[in-house]
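I have a structure I would like to understand better, so I am pasting it below and will then ask my questions one at a time.
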Amino acid sequence: MAGNSFGEIFRVTTFGESHGEGLGAVIDGCPSRIGLAPEDFVRDMARRRPGRYSFDTPRKEEDRVEILSGVFTGLTTGTPITLFIRNKDVDSRPYEILRQLFRPGHGDYTYFKKYGHFDFRGAGRYSARETAARVAAGVVAGKILEPLGVKVAAYTIELGAIRVRTINMDLVEKDPFYCPDAVASERMDEAISKARKEDDSLGGIAEVRVTNCPAGLGEPVFDKLDADLARAVMSVGAVKGVEIGAGFEAARLKGSENNDPITPDGFKTNRAGGILGGISNGDEIILRAAVKPIPSIGREQDTVDRQGRAAKMKLTGRFDVSAVPRIIPVLEAMVKIVLADHYLRSKAMV
Amino acid sequence: MAGNSFGEIFRVTTFGESHGEGLGAVIDGCPSRIGLAPEDFVRDMARRRPGRYSFDTPRKEEDRVEILSGVFTGLTTGTPITLFIRNKDVDSRPYEILRQLFRPGHGDYTYFKKYGHFDFRGAGRYSARETAARVAAGVVAGKILEPLGVKVAAYTIELGAIRVRTINMDLVEKDPFYCPDAVASERMDEAISKARKEDDSLGGIAEVRVTNCPAGLGEPVFDKLDADLARAVMSVGAVKGVEIGAGFEAARLKGSENNDPITPDGFKTNRAGGILGGISNGDEIILRAAVKPIPSIGREQDTVDRQGRAAKMKLTGRFDVSAVPRIIPVLEAMVKIVLADHYLRSKAMV
Amino acid sequence: MAGNSFGEIFRVTTFGESHGEGLGAVIDGCPSRIGLAPEDFVRDMARRRPGRYSFDTPRKEEDRVEILSGVFTGLTTGTPITLFIRNKDVDSRPYEILRQLFRPGHGDYTYFKKYGHFDFRGAGRYSARETAARVAAGVVAGKILEPLGVKVAAYTIELGAIRVRTINMDLVEKDPFYCPDAVASERMDEAISKARKEDDSLGGIAEVRVTNCPAGLGEPVFDKLDADLARAVMSVGAVKGVEIGAGFEAARLKGSENNDPITPDGFKTNRAGGILGGISNGDEIILRAAVKPIPSIGREQDTVDRQGRAAKMKLTGRFDVSAVPRIIPVLEAMVKIVLADHYLRSKAMV
Amino acid sequence: MAGNSFGEIFRVTTFGESHGEGLGAVIDGCPSRIGLAPEDFVRDMARRRPGRYSFDTPRKEEDRVEILSGVFTGLTTGTPITLFIRNKDVDSRPYEILRQLFRPGHGDYTYFKKYGHFDFRGAGRYSARETAARVAAGVVAGKILEPLGVKVAAYTIELGAIRVRTINMDLVEKDPFYCPDAVASERMDEAISKARKEDDSLGGIAEVRVTNCPAGLGEPVFDKLDADLARAVMSVGAVKGVEIGAGFEAARLKGSENNDPITPDGFKTNRAGGILGGISNGDEIILRAAVKPIPSIGREQDTVDRQGRAAKMKLTGRFDVSAVPRIIPVLEAMVKIVLADHYLRSKAMV
């Protein structure tokens, strides 16, 4: 009810703050006898870590996942799995300014209004670092999807207004921006460099593609698969828009163009993005998320203090230029969590 | 869990099928002593009804809302409010074809895959008519928001690729498309006529604007206000995309452009769309929904039958050309339901 | 959240008041393709009806269950099933006294304190009549348990301090008190007659026995099967105590007496009542519910009015002498709902 | 859904195993700005610890509560509070026997049936030690109730069939059995000694009394306050029965005896146990829990192995003779959690 849980059967509750003891997730509703070990988290935690591209924030985050409960002799027990990522490297001094001033574009203002006080060190609960717990939970969700052959892959299709022209999935994991187009990737790199020099930041668009998703996932009428995916993706800090399949483009198509003809071999096109009537149709699920530019920039900005008085604010420190590459594994995690949950829900009803 | 409920405290459960006995909603969690009468529903039910624009579907729907429980001497009692809209005019013969064939772009295929059978008369549970129950529930949500001064208004900003150039809110209620731009409205009318002649359908984009929303609504980290709005809006049948504030445009802005400076008089701009860190900031909430063209068209389309064999399908009858005008009160209702729920949630935590 | 729903997957929401339009239940989460027709409800609704024993209340309740949604061609569709029981015979005049005075032992006082006003006609929402919706929902739950061979049977083991000495299940359905002991039943009949002459009412104890329940139902640590059964049974108006297996008697046993030895053929005894660690062990589930005497009696009682002033109150009309026989099908229904829900939950986790 | 969470607004999720890393609770839905420090937990954790009475189990449990999240500068932030109690002293060798054999009266058998394997070290998730997390969460619930003046006190009214004759609340905290009757306490001590010599264990009955509870807590019709209390109390491992107010005794009273007359100064008697129609009436809430004898005894018992073959089993080690004294703070904690949750729920509806 207080909002820190997601999922009905595969239920993830995250907790923790950026500069507190650490971050974690409790997963209630994971079936028993699934192999799970700390090593399983290493790859995705590393993919989320900064430092993939040259000018990235130099903070070193060691995101080692401890399993505090729910696993016995290497197998899940069906009881709550607790994952914990202890915080290191917690210099909170750069955040002292938040004791008085609200950063434009951040949750400082609304947390203060809502709660009367907040853990401003590293943005506390609304820090991008909170997504580390999501990525960890996504690894467990992935274990449920794996035997079904379901694959979830996210990649960058736009960064700093540079759009990919081709999609070569083989490039994604090696690319610093998870970009499937080598030419676009180079231009993105230039855009990042330029923005950094200008003390500015960039937004972008990520696409998520799910292959081998079985038909029949999703529940009418409010827990439609697309509705739950939209909630999951929009709940990630920097996301300002979500679309499924043809998305906003569908608004400009005619019915005769937008309908996907059905053939004995499946759907001829996939404007629906793999979901019809809120239920997966067996085709690829495709969604896109609009990611706003990171609000932390080194330029002077107008703001107010806690008493509502006008103030100027200039953040110091080194910031990411864009959330886009780091958000990729987070979006994958959220999509996996939604699918694992809906898969388990579908089993209850057979 | 099975998906037909929405909201945590103000909890709406809808039920019913298009051509069954009727449609309805049970609202659990509405505070007591709020005035509520059948007349309160008349205006919004009428706004949802077809027939606003010339070529609209001629089916006459009488959407009279009966209050089956939860109101005594004209006041809510704090116990479940049941709203029921009895179906009339239920000629199900045009749907006999669905006994064998799946309509492209509809939920026929996925409902059959998921449930093994489904009420195909009038598309049963996934009929656009299901939204009548949402609109009815939205009226009750509106009663909770009213004393706060919160106003929710939706309108059409694009239809058939025709975009509004100006927004004059005074025009909206009188316009057949809920369009705030008289010039655009005329061109929309022409586009609708043309599409109808071509046995085709059109999509569009609706915008919702919430004024006077108090700061502090929304819960970290999964039940963010924008995440819940995204789910609510995406759960409406024809919606394929949702964006908040600058939305997808934010992906192309720089941080210095996208951040809304804060002044003693409020936010200087509103690219955030009234939500920061998932919590309302007191500014206007703005969201947009991409609406796909109605999949029911009079043209021949490729499909398969229940045995998976190729087939041609040509729907007869008269269909709406676009969901856009009729979806307007539905979007308003969903936004009201989200806000009423989050408002009550916020009260529990003070 | 507002308390009118029960169950996680098989989710029952009841609504309605005793003297309003009617009572009903929405069941979300019932699997598809289960045969369901209005006739299926007739037997249990009749069993709940007054008039089984001679001096019972002469009000004639016609409890015909209408299916308003969720069934197509005689089969459930997997979407919400709405059951509705329209009220008849609604002479509310005897309740006019409740406009001012609170009946001792009833919810009048607390409903007024909580909600500021309440539907006092026939006790509105907290009327015993509310259980009609539970019995109807229990019929649907029974349909899920039937193919598993699970049987749920309740019967009276004590009424007016008269305890059964033998349990002959063959007698139960024919007995006016659902009593499995013919001798005790006669004495119960005398006790009822005597109490009625004295304008008084009687309590009793009901036992519920579940046979063929599969092992493995129940979830640690809060949704234990016994915990959910306790909640379900205690939520029935007149129940003041619940015990499982040896129950309160277990408090007086030693471990060596209370432990049920395990053998290759099953448990040698069943003091656990079929549940260990909150999970069904495959043995019979046995629980008992203490039912208080009906608070409506024809004697003068001390009370206060809405302004808190002392008053005398004497109810007129004819009342049931005991809730015990009529509560039997209600307890069965609640136990069925709990088991159906936990059965579906267990399927999600396999 | 998987059962490890309790509460709707004040939502407690417990995790952890007896001999794993530790045990803990995540509390989502605690209001912000409530003072909370590790010291706050010391008293109740100590009260739950073994060693209050002479022959108690000599294991030394150090139950220091760490706050892993949700508190900043000594005040709750409104975000999830994570409490963690790291396990010490974890000699799991005595439990090796559980690799093959099921202990009568324990959850070994049902956990194995349900999950296929389980963490048998120290009984893992269904260990009595799990209640440490509940006690910790209860401390936070108590912080919400404190400003209202609500007091929750539990005490032993029966142990080894010895019933208290008087209730002197001043004795409770000093008494090794939380017993409010000094004479009975001595006899309980003898009974404990005797049972220990006989390698046996004892059950008992605990009573919980809530003073200053405001009227109006509890929600019709399934989340009645008594129903939620019954679930909460029955969810504690050893509890086999729950009763409110007159409880099972009410089954033997007449309406004229059981009804509590209402006067301008409140209720003349309190057979209702402070709850009418499922809603608190402002009077003291009184409930009792039947606690079975601890199933771990040093005598040889019949059981089967994992392959279903007959076996004899004799547990070694030192066991508690009775759960009763240690369960006292656990019952208090559960009642506090229920009340805190319903109090916050009631605030949402005003």
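Chains here go by letter, A, B, C and D, matching the order in which they are written, and residues are numbered from 1 within each.
The rule is short, and it goes like this: a residue touches a chain if its C-beta (ideal position, glycine included) is under 8 Å from a C-beta of that chain, and two chains touch if they have at least 3 such contacts.
Fair warning: this is a prediction, and the values are worked out from it, not measured in the lab.
Any chain that touches subunit C and also touches subunit D is listed here: A, B.
More contacting C-beta pairs link the chains of A-B than the other of the two pairs B-C and A-B.
In this assembly, A is the chain whose CA centroid lies farthest from the centroid of subunit C. Separation between the centroids of subunit A and subunit C, computed from CA atoms only, is 47 Å. Centre to centre, using the average C-alpha position, subunit B and subunit C are separated by 39 Å.
Centroids of subunit A and subunit B (each the mean of its C-alpha atoms) stand 26 Å apart. Within subunit D, contacts with two or more other chains are made by residues 1-5, 8-9, 14, 29, 32, 78-79, 114, 125, 220, 345, 348-349.
Residues 1-5, 8-9, 11, 13-17, 20-24, 26, 28-30, 32-33, 66-70, 72-73, 75, 77-82, 84, 114-119, 124-125 of subunit C touch subunit B in their complex. Across the complex, subunit C is touched by residues 1-6, 8-9, 14, 102, 104-111, 113-114, 125-126, 130, 158, 161, 195, 198, 200-205, 215-216, 218-224, 226-235, 237, 240-264, 268, 272-273, 275-282, 290-297, 299, 301-304, 308-310, 345-346, 348-349 of subunit D. Within the complex, the subunit A residues that touch subunit C are 1, 9, 29, 31-32, 78-79, 220, 344-345, 347-350.
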